[in-house]
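The structures come next, written out as structure tokens.
Heads up, the next two complexes both have subunit A, just with different partners, subunit B and then subunit C.
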Partner chain A sequence: MKKYMIIYRECAKISLSRMTAYRLDFVLSMIITLAGNVMFPLITVLIYNSGASFPGWSFYEVLLIQSVFTLSGGLSSMMLGGVLWTTMDHIREGSFEIVLLKPVNPLFFLIASNFEPESFGLLVGGGVLFGIAVSQTGIVSFAAFLQFLMLFAAGFAVMAGISLIMAATSFKWVGNSRIPEIFDSIKTFGKYPVTIFPKAVKSAATFLIPVSMIGFYPASALLGRLIPGTLLAMIPCVLFLLFGIWLYHYMIKLYEGVGG
Partner chain B sequence: MNTIKNKLNVCKAVAFVTYKEWSAYRTHSMVSIFVGPVYFIVQYYIWTAVYGSAQTLYGMELSQMIRYFGASALIGYLTMDFADWNLSMLVRTGKFLTFALRPVNHRFFALSQKIGHRMLGFIVEFIPCFFIFTLLFRVDMTPASLPWTLISVALAFLMNFFINYCLGMASFWFVQSNGIRAVFSLISGVFSGSLIPLVFFPEWLQVLQFFLPFQYTAYIPVMVFLGKYSLGSVELSIPVVVTIQAAAVLVVFLVSELLYRASVRRFTAVGA
Partner chain C sequence: MSIINVENLTKTYVTYKRGSGFRETVKSFFKREQVLINAVENISFHIEEGEICGILGPNGAGKSTTVKMLCGALYPTSGSIDVMGYSPTAERTKYVNEIGAVFGQRSQLIWDIPPIDSFHMNKAIYGISDGDFRERLHELTELFEVTEIMQKPTRVLSLGERMKCEFIMAMLHRPKIVFLDEPTIGLDVIAKTKIRDFIKQVNQNGTTFILTTHDLEDVKQLARHVVIINHGSKVFDNTLHNLQSNLGEKKIVELTLKEPCADSILENVKVIGRKSPLELTLEIDMSDIAIGDFIENLSRMLSFSDISVKELPMEEIITQIYSEDSDAGKKQTKVLHGNNLYS
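After this line comes the complex of A and B, so read on.
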């Protein structure tokens, strides 16, 4: 365990050094990544400014959902965002064997060596939006905050599972740069209050591909609006992550490279 | 006459080769068959919920809003391009030199490539999604006026191309133009009307859109499809708005021509 922590720390330091070698490019990338991902709160602002609303949800409550989504997105992008593209590049160039020859788990190595500091802008932006939303809605209780932390972790597990499934897909669907679009479209269901969707969609977004856990349920916990039994919805999230890890390792077993 | 015939032959040849080249990667385009309907479903439920207690929002009924997003998605498949990325790659790698030596204007070549690429997009993206929207989701995708819609979409096709080509030409001037393109893409995404109808923006921003190129790529063709155009408290008839769109395309074409001449004069590469 200690070995893995040391390797992760060193890889993160290298990534940070690489990013700060071109400081202006780093800052611009951070700003652009942030701006791109706060566009959907802009849509919410425009909807509420028109006098309309999502039934049963105030503007700041919806903003809270979207800020939690952005925070989760920022964290997963920072830690796992590069795994898909690096895997794809290695497979296309036939250099994945070099990763497999390393004396550590290949998935861990790819995660550690693809730490992306420019996604820090998303965390900052999400944090600001979160602060604004919470200042208006308040947090119901400390217990609610603890529930939020647990559900946020479950939401991160879903994001991680999605990243790993995308990366696993690239073993077979080689060179398709539109794989993230497929999962981004599914994640859109998690950016809005899940109560606006019909029961079938709600169930799928909670238990099958649990994208509602990314933003909606953690925010609901903070607002004291969780229905009893919602914590059980964490189980599909953990299973989703485990499935992503299993699928990636399974694809490695099926991998046939030049000379391998 | 011979010049026009020659250009048409070049256009046909390049478009056909591009079509064949990209049909080897047709699954790349076919991703839209999944992604487009999923995004549309989300928009459907969002606006159905938002319209819960309102008959109209900024003069648009729920059915019009649903048709708006359906038309926006389908028109996007016909007009999208990546001329900026292509040109940027050619300049950065020095491969633009081969085009500078050919007796074909690269902008014309790139436009012909876009025609070929979008022909493939029409077959593997537009048609399947059109049937999904009309038969599965039961959305009325009949345009208010087919001839005006076709003209407006064709103008949006050209507008999108010229804007992206102008952006691509930034590579002649800046070593790293990715940031410029990313910022422009972001602003364009918001103000083109593909995320939300432009009438939702504050009035001063709506008025500003008349002087920016973004609404001519998505908002105008979608409103022509719906048969009703209004922006910044100004309501215009469809023939008038399409004429304004044509004028805007002409202006951007002239800007791209000036930029192209300046860029080629500036261009240097190994051996040139």
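After this line comes the complex of A and C, so read on.
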């Protein structure tokens, strides 16, 4: 365990050195990533200013959901964002053997060596929105905050699972840069209060591809509006992550030619 | 006891036939014909500890596939590989801790940052202690004289400087076996010499090298043991010396004549080149005639001002082996086994 922590630390330092080798590029990337993702809450502002709303949810409650989604997205992007593109590049160029030559788990090595510090801007932006939303929605109890942390972790597991599934598919669909588009459109459901959806969509977004755990359920915990049975919804999130990890390793085995 | 034992190694791929032209392409979109590729077929060889073994073969012969299986990056279809008691694919993480690799066409260094930072990353990955790392880095950087250049970003280094750093990256953890895939490709003469000297020096300390190359000078300078693979099969497995004498005892004789000679005089001599009317290149087979007798006969027939006798170029030896193997089909026709490998 200690060895893996040391490896992660060294690789993260390398990633930071790599990103800051081109200083202007790093700063611009942070700003663009932040601007692109903060645009969405601005649309919520426009919707509510026009008199429309999401039934049963105030503006700041919806902002809280979207800020939690942005925070989760920022963290996942920072830690796992590079795995898809690096995997695709290695498969396309036939250089995945370089990864397999390292005496560590290949998935761990790719995650560690693709730490993306430029997504830190997203965390900052999400944090600012979170602060604004929480300041308007009332004081949060310690129990509610603990529930929030647990559900936020489950939401992160969903984001991680999605990233790993996308990266795993790139072994087969070599050079397909459209994969992230499919998953981005699915993730969009997680930016809204799940109660506005029909029952079938709500169930799918909670138990099948549990994107509602990314923003909605953790925010609901903070607001003291947790639906009974939500903690059970953490189980599919963990299973989703485990599936993503399994699928990636399975694709490596196929790449290595197991079974000829 | 051999450090690498490969027995009946086979690797088969399934690929798909696309055909050429618009009609075939559209047809293959709906129905593709499977094609079985025998990339490596029933190869066996053994490499002793401390050897430098050259693996040769034309493009597409199966060399890289064989080396990937030896590195643990590819599962064999059948057969077995034992390297230092490990099965490379079954115990990959433990096994690769003991080997190193340098790929001439794939870099392990991180492009945007100095090589020294990549070395630190490998230090963490291989669990090298601080003291060991400092000592080893000092030893390798002194050998290659790269103390200053390893502080510059990899992208600004010349190819020769980058390859030296690749070698350091591969050898920091003191691997017992190092796989070299085209390590001198694209390098100038001085850089090649430096790399070869480095390999010889490290080999003296007992490190085994497996060298895949198309540069026959690499093989001549470094390898004692040569394995040639063609069409997925092994066609040669013996010493370099036996490779050079594989095609009989042929020699090249370069003559500078004092005056042009009539073609009829050269009827019974194999002329393989003529740079000018006075400069001839001949090929003789010493199994037919001793070199002394040949020169004596020649001096009776011709008047020459200069003569030089050379070995048959390696390129010609290898080309003949490749083409003989092609003529005989996939199976080897000339396999010299290693009973007297070092005699």
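One rule holds for everything that comes next: the second predicted complex is superposed on the first by the 253 of 260 C-alpha atoms of A that agree within 3 Å, B and C clash if a C-alpha of one lies under 4 Å from a C-alpha of the other, contacts with A are read in each partner's own complex, and residues count from 1 in each chain.
Heads up, the rule we're going with is that contacts are C-beta pairs under 8 Å (C-beta built on N, C-alpha and C of every residue); 3 or more make two chains touch, one makes a residue touch a chain.
Remember, it's a predicted structure, so these values are computed and weren't measured experimentally.
Aligning the two structures on subunit A places subunit B and subunit C side by side, free of any clash.
By the document's definition of touching, of the two partners only subunit C reaches A:S17; subunit B does not. Contacts of A:S95 after superposition: subunit C is touched, whereas subunit B is not reached.
In the overlay built on the shared chain, the residue A:S58 is in contact with neither subunit B nor subunit C.
Within the superposed three-chain model, A:D25 lies in touch with subunit B and out of touch with subunit C [touch as defined at top]. Touch criterion met: A:L46 reaches subunit B, while subunit C stays clear of it. Of the two partner chains placed by the overlay, neither subunit B nor subunit C lies in contact with A:T230. Measuring from the middle, so to speak, at the Cα centre of subunit A, the directions to subunit B and subunit C differ by 90 degrees in steps of 10. When the two complexes are laid on top of each other via chain A, the two nearest Cα atoms from subunit B and subunit C are 9 angstrom apart. Contact residues on subunit A toward subunit C in their complex (touch as defined above): 3, 6-7, 9-11, 14, 17-18, 21-22, 93, 95-98, 100-105, 109, 113, 256-260.
Within the complex, the subunit B residues that touch subunit A are 25, 27-28, 31, 34-35, 38-39, 41-42, 45-46, 48-54, 57-58, 176, 179, 182-183, 186, 189-190, 195-196, 200-201. Of all the residues in subunit C, the ones that touch subunit A in their complex are 11-13, 68, 71-75, 77, 89, 92-94, 96-97, 99, 101, 103, 106, 108, 110, 112-113, 117-118, 120-121, 123-127, 153. By the touch criterion stated above, subunit A contacts subunit B in their complex at residues 25, 28-29, 32, 35-36, 39, 42-43, 46-47, 49-55, 173, 176-179, 181-182, 185-186, 188-189, 192, 196-198, 201.
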